[in-house]
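Here's the structure, in structure tokens; my notes come after.
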Amino acid sequence: MRPSGRAPDQMRAITIEPRFTRHAEGSVLIGFGDTKVLVTASVEERVPPFLRGKGEGWVTAEYGMLPRATHTRSSREAAKGKQSGRTQEIQRLIGRSLRAVTDLKLLGERQITLDCDVIQADGGTRTASISGAWVALRMAIDGLMRDGKLTTDPLQQKVAAVSCGIYEGTPVLDLDYDEDSNAHADGNFVLLEDGRFAEVQATAEGACYDEEALLRLLRLARMGATEIFAAQDLAVGR
Amino acid sequence: MRPSGRAPDQMRAITIEPRFTRHAEGSVLIGFGDTKVLVTASVEERVPPFLRGKGEGWVTAEYGMLPRATHTRSSREAAKGKQSGRTQEIQRLIGRSLRAVTDLKLLGERQITLDCDVIQADGGTRTASISGAWVALRMAIDGLMRDGKLTTDPLQQKVAAVSCGIYEGTPVLDLDYDEDSNAHADGNFVLLEDGRFAEVQATAEGACYDEEALLRLLRLARMGATEIFAAQDLAVGR
Amino acid sequence: MRPSGRAPDQMRAITIEPRFTRHAEGSVLIGFGDTKVLVTASVEERVPPFLRGKGEGWVTAEYGMLPRATHTRSSREAAKGKQSGRTQEIQRLIGRSLRAVTDLKLLGERQITLDCDVIQADGGTRTASISGAWVALRMAIDGLMRDGKLTTDPLQQKVAAVSCGIYEGTPVLDLDYDEDSNAHADGNFVLLEDGRFAEVQATAEGACYDEEALLRLLRLARMGATEIFAAQDLAVGR
Amino acid sequence: MRPSGRAPDQMRAITIEPRFTRHAEGSVLIGFGDTKVLVTASVEERVPPFLRGKGEGWVTAEYGMLPRATHTRSSREAAKGKQSGRTQEIQRLIGRSLRAVTDLKLLGERQITLDCDVIQADGGTRTASISGAWVALRMAIDGLMRDGKLTTDPLQQKVAAVSCGIYEGTPVLDLDYDEDSNAHADGNFVLLEDGRFAEVQATAEGACYDEEALLRLLRLARMGATEIFAAQDLAVGR
Amino acid sequence: MRPSGRAPDQMRAITIEPRFTRHAEGSVLIGFGDTKVLVTASVEERVPPFLRGKGEGWVTAEYGMLPRATHTRSSREAAKGKQSGRTQEIQRLIGRSLRAVTDLKLLGERQITLDCDVIQADGGTRTASISGAWVALRMAIDGLMRDGKLTTDPLQQKVAAVSCGIYEGTPVLDLDYDEDSNAHADGNFVLLEDGRFAEVQATAEGACYDEEALLRLLRLARMGATEIFAAQDLAVGR
Amino acid sequence: MRPSGRAPDQMRAITIEPRFTRHAEGSVLIGFGDTKVLVTASVEERVPPFLRGKGEGWVTAEYGMLPRATHTRSSREAAKGKQSGRTQEIQRLIGRSLRAVTDLKLLGERQITLDCDVIQADGGTRTASISGAWVALRMAIDGLMRDGKLTTDPLQQKVAAVSCGIYEGTPVLDLDYDEDSNAHADGNFVLLEDGRFAEVQATAEGACYDEEALLRLLRLARMGATEIFAAQDLAVGR
């Protein structure tokens, strides 16, 4: 039995509150149960140096966790003077995932930065970030199209992410913190609406896993993604 | 006339949402109009090195601004690898202000850290932080008393902060961003309920000010503080 | 056709030169074709702070690339003053992979650090690092057993890693630099000799992939791992 | 009674030694009693990026304390790799204070940097820095006018700064280290010759203060400033 | 007697393996006994900012030590976030030594960076680096001449370096680690083929030395350099 | 002819002003002509970690240059966040030079830090620093002996340093900035009163030098050291 009482293939409640803040071109507070992430999309009419003059845009992400988002306070990365390896790994994953569904040539020479700041953490902060970032990106691009800065939509598909893992021998969907810290294997899956994958990452923690278990995790991830896609649709009113 | 249409001595709406997040011993989302700051109070049963073995506690603060809390995105301090001078100045002010109303000996050898993270900025983020930090600190200390870890209340008074400045020649209360960026002088005032000051900081921006103007700002600050004290009372249910 | 003329399921030549340097408890120069990584294993009779007094050991890794290991010189991380996100991601992966086959309780309160320094890069540096690190770790643990510091072998299995990807529509094994920089998807697979996985990471680059493609990559990875296990056996003389 | 035997409204001896070093466009060793600060003004024919092309100049300050300026050695900020919050707060205050009396448009597209390095500390280092910086700035601007680079004087007024505080219940002028470390409240006041303020900062240390006390501190500050203005006049020969 | 059994004026075996790696314009693995340094020369068609537009080139060096090149593991400079004073001192010495034999005007506006990475350390890593760097630089410049980018050879002479010191009262040539850590004085000598010096550095460690001893060290250094010049000739086929 | 009109073997005026600041256990302002360095010696009753419990003391140095000590302002190392390679090289040299004349066992488990801060630079800042550091160290040790903390004097000899170089073909003593920036070779010599050397560093700048030239520089250095020893004697009143 899961500590939360959920069935193995049961997601936590997904909540998406668009326009949570007012300055950003896209802004959303996404919740996977008690995990709450504020995602903003910022449009800038410039690209990083390696893309200058190439007629292409860029989508990138930054990730942070407020010091007391967690059970015990962790130190502030700005005060320590560097981002941890975990933070950098997560923000690279978020950026790659969103670029996987964006046509950067259609975006033109502009950059969209997705800032994902975890307000409250209970497992799955990176997958909630990716799922919420899509909504913020959708809003930002809708704004560019409304303003006539884009005529063809560069955001080609929806993308969603969810974690799955093996908890007490059973593959389960959408690990919360209690499960995550005891899981034997733990994966993050980034999926497109057409069923393809942008990213599969499955890591043994304590016990390695076989191919059958991996396939079970993939099935669970598809189930979770279907729910997230529906919540994204609702949030952007499509 | 103020851009917002407010009277010179009119505060913006003060909103205080306690228990905004669940892990911290104290947590509040405070709003001064469109300025929104999430403040958490974290209790740790240890003190910084300079206080070890002295039987005294410590209250300190950290301050951060989410990259897109502002009109245009500013870079993330964790990514730049250091906190700006402005950030350090603000977090030192918040810590001093809360220590001014806390009996550190009564607190015992423990530290309470007040993390003030600006979700949305529209002027007055440091004063909203101080005012909200008092509520979070009150909640954290109430918890320590409920748990029997403290028998005498170390939090002796309420403390509130508000900015005032001279906008187009007129002293006005609680500057918003439009006013702040055009004010000729700009002050931050930290007040106790008994009318005394914990901190007065008044800075000329473009035009120096005379003593009469300073006294006008002090009067406005008292008016603002009265409203904040009332909102704090409501939030902590006293 | 692959630029190298290899068949889709053909590994590059695997070369393992043990005892390449003399001070480390384990040391190996591993080559996957033109990719050359020097791996050393260093035993220290202390553990990181979070493990002190728990009777357990630790296995960790650091990764670096000599500035001119690559086609054009990249700047030295020591001179820039920080390790890139990519470096940190890779060294975390190497550490996790080796811990997946080590019984840390049997290791006792000591730490083994695997330093993986890329002398020459031609794709697959992280998978060569993991595969070579197993050999260096085996040598270091053999030494501890020879010296009587360990009686039960804490290294339970062999571990190997290989990259696979989709190059011009075809799943291929062991990407070299030319293939890697043009692949549509690109994965790193860490396998145990008993067929289980310690880590699966498959990333879309330009085109997302479906489950069938992922399964093809898993098959190829198993083929590559079999060859690496044989080379590891040869190197350690078992 | 003050530890130094001074009357409550008595400044320490003010000494100003102009041209203490020879390379800088302005240079002064200022002493407030045993506090000694070397201030240099450096003129550069360029402005910071945010001002380029705007036809305006900039005045800025940096502050440092030699490691053994104090009773016990403090570590060197260059060796620690960062400036403390206190250092940044002070140098921001010095810069603002001098900009308050400089017409940046008249200065033209050039920058003057005021380096304030504390040779020996005995309280009031920031106020001595501001008061000395005015002399160095005056010398540098006189040089620009002599060289025909400026025809209208951009330095409009004198500026001086002094600390006042409440020591054993009595408001006193120009705190030295013994007083400063025991004061209940402690303020820094930056004044113009016409009686207006550029900055008022009054901080409770241990006990909050009421408006009457603040007004007493303002009176004392005016008395101190009058003496500093006279010393500045003497130093620049006006 | 020397721990190694060598005569006082006996060098260790000098080994030079050119083209040890394939991407760099020059590459060599040089050995002074058990000290092994990989040196690469990287040509870039740009110069540092202070030389732009002056029609001159630049030769510079960077130095690093793999963490387990030494008897006990030392921490990785990239992970610590800064290069030690020793590292910086050595890389400045290597750069100066090679510039002493290069006509920077003849080199034209390009930079050659010599990366010296110590694979295995047994004393004399900086002198082996300089001696090997000459070979790598020679190869890189030969390449530029072969490609027609240079017509006149800017590399005017050979340069070699060797350490000498006073070990148990006797001046000895080419200190290994055992000798170096017990020597009373220790010098590094950079010589040209014509007998002149580019650099003499002789440091007392435990006992100061007189002029006669210094002259003996100079004699030994000349003997060592002669052997290194011969090995360099062999390596570059001249 | 030298730009300063000095004879080749003529030192600049040496000035030593002891007790320039009051808090440090030793303090001196030393001048070699227009080069002015403030040196303080700070005694601390603790040693660095590598010496704890060994019954030995430590003498170390830090070096800094005020931003406008030079003709044009250089940026502040504390603001840049790191010390340059040059700074580190110099402070290592100063520390070594003073340790060469100190019996660290006699000093006992305490550390003396010599802070050398250049107030005004005109060439020879490192040699003035060493020569002045001896005076500050002498004063600090005299204090320890006066206080009964030391009974046997650990400072065994005087040490002095001076630069010599080849300027327009002529070996000259005590280079000032104009000479230093045009010299063909440039050396720093650290000498003991008994004629032995603690350090010889001679570097070619533009033209290599032969042994005869080196010997001439050694002779000049001895002449300069004699004058410095006399000035040191005067300063400490022996």
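Each chain gets a letter, A, B, C, D, E and F, in the order it is written, and its residues are counted from 1.
Just so we're on the same page, a contact is a pair of C-beta atoms (placed from the backbone, for glycine too) under 8 Å apart; a residue touches a chain by one contact, two chains touch by 3 or more.
Just so we're clear, the structure is a prediction, and the values are computed from it rather than from any experiment.
Interface equivalence for E-F, evaluated over C-E, A-B or A-C, points to A-C, where over half of the contact pairs coincide by residue number. Centroids of subunit D and subunit F (each the mean of its C-alpha atoms) stand 33 Å apart.
Separating the CA-averaged centres of subunit A and subunit D is a span of 50 Å. Averaging Cα coordinates per chain places subunit B and subunit D 28 Å apart. Counting partner chains per residue, subunit F has residues 81-82 touching two or more of them. The chains touch one another to form a ring, and the order obtained by going from subunit C toward subunit E and onward is C, E, F, D, B, A. Listed in rising order, the residues of subunit B touching subunit A in the complex are 21-24, 27, 34, 36, 38, 40, 42, 44, 62, 64, 66-73, 76-79, 81-83, 87, 113, 115, 117, 119-121.
Residue ranges of subunit B in contact with subunit D, taken from their complex: 82, 85-86, 88-89, 91-92, 96, 100, 187, 192, 195-204, 208-211, 214, 218.
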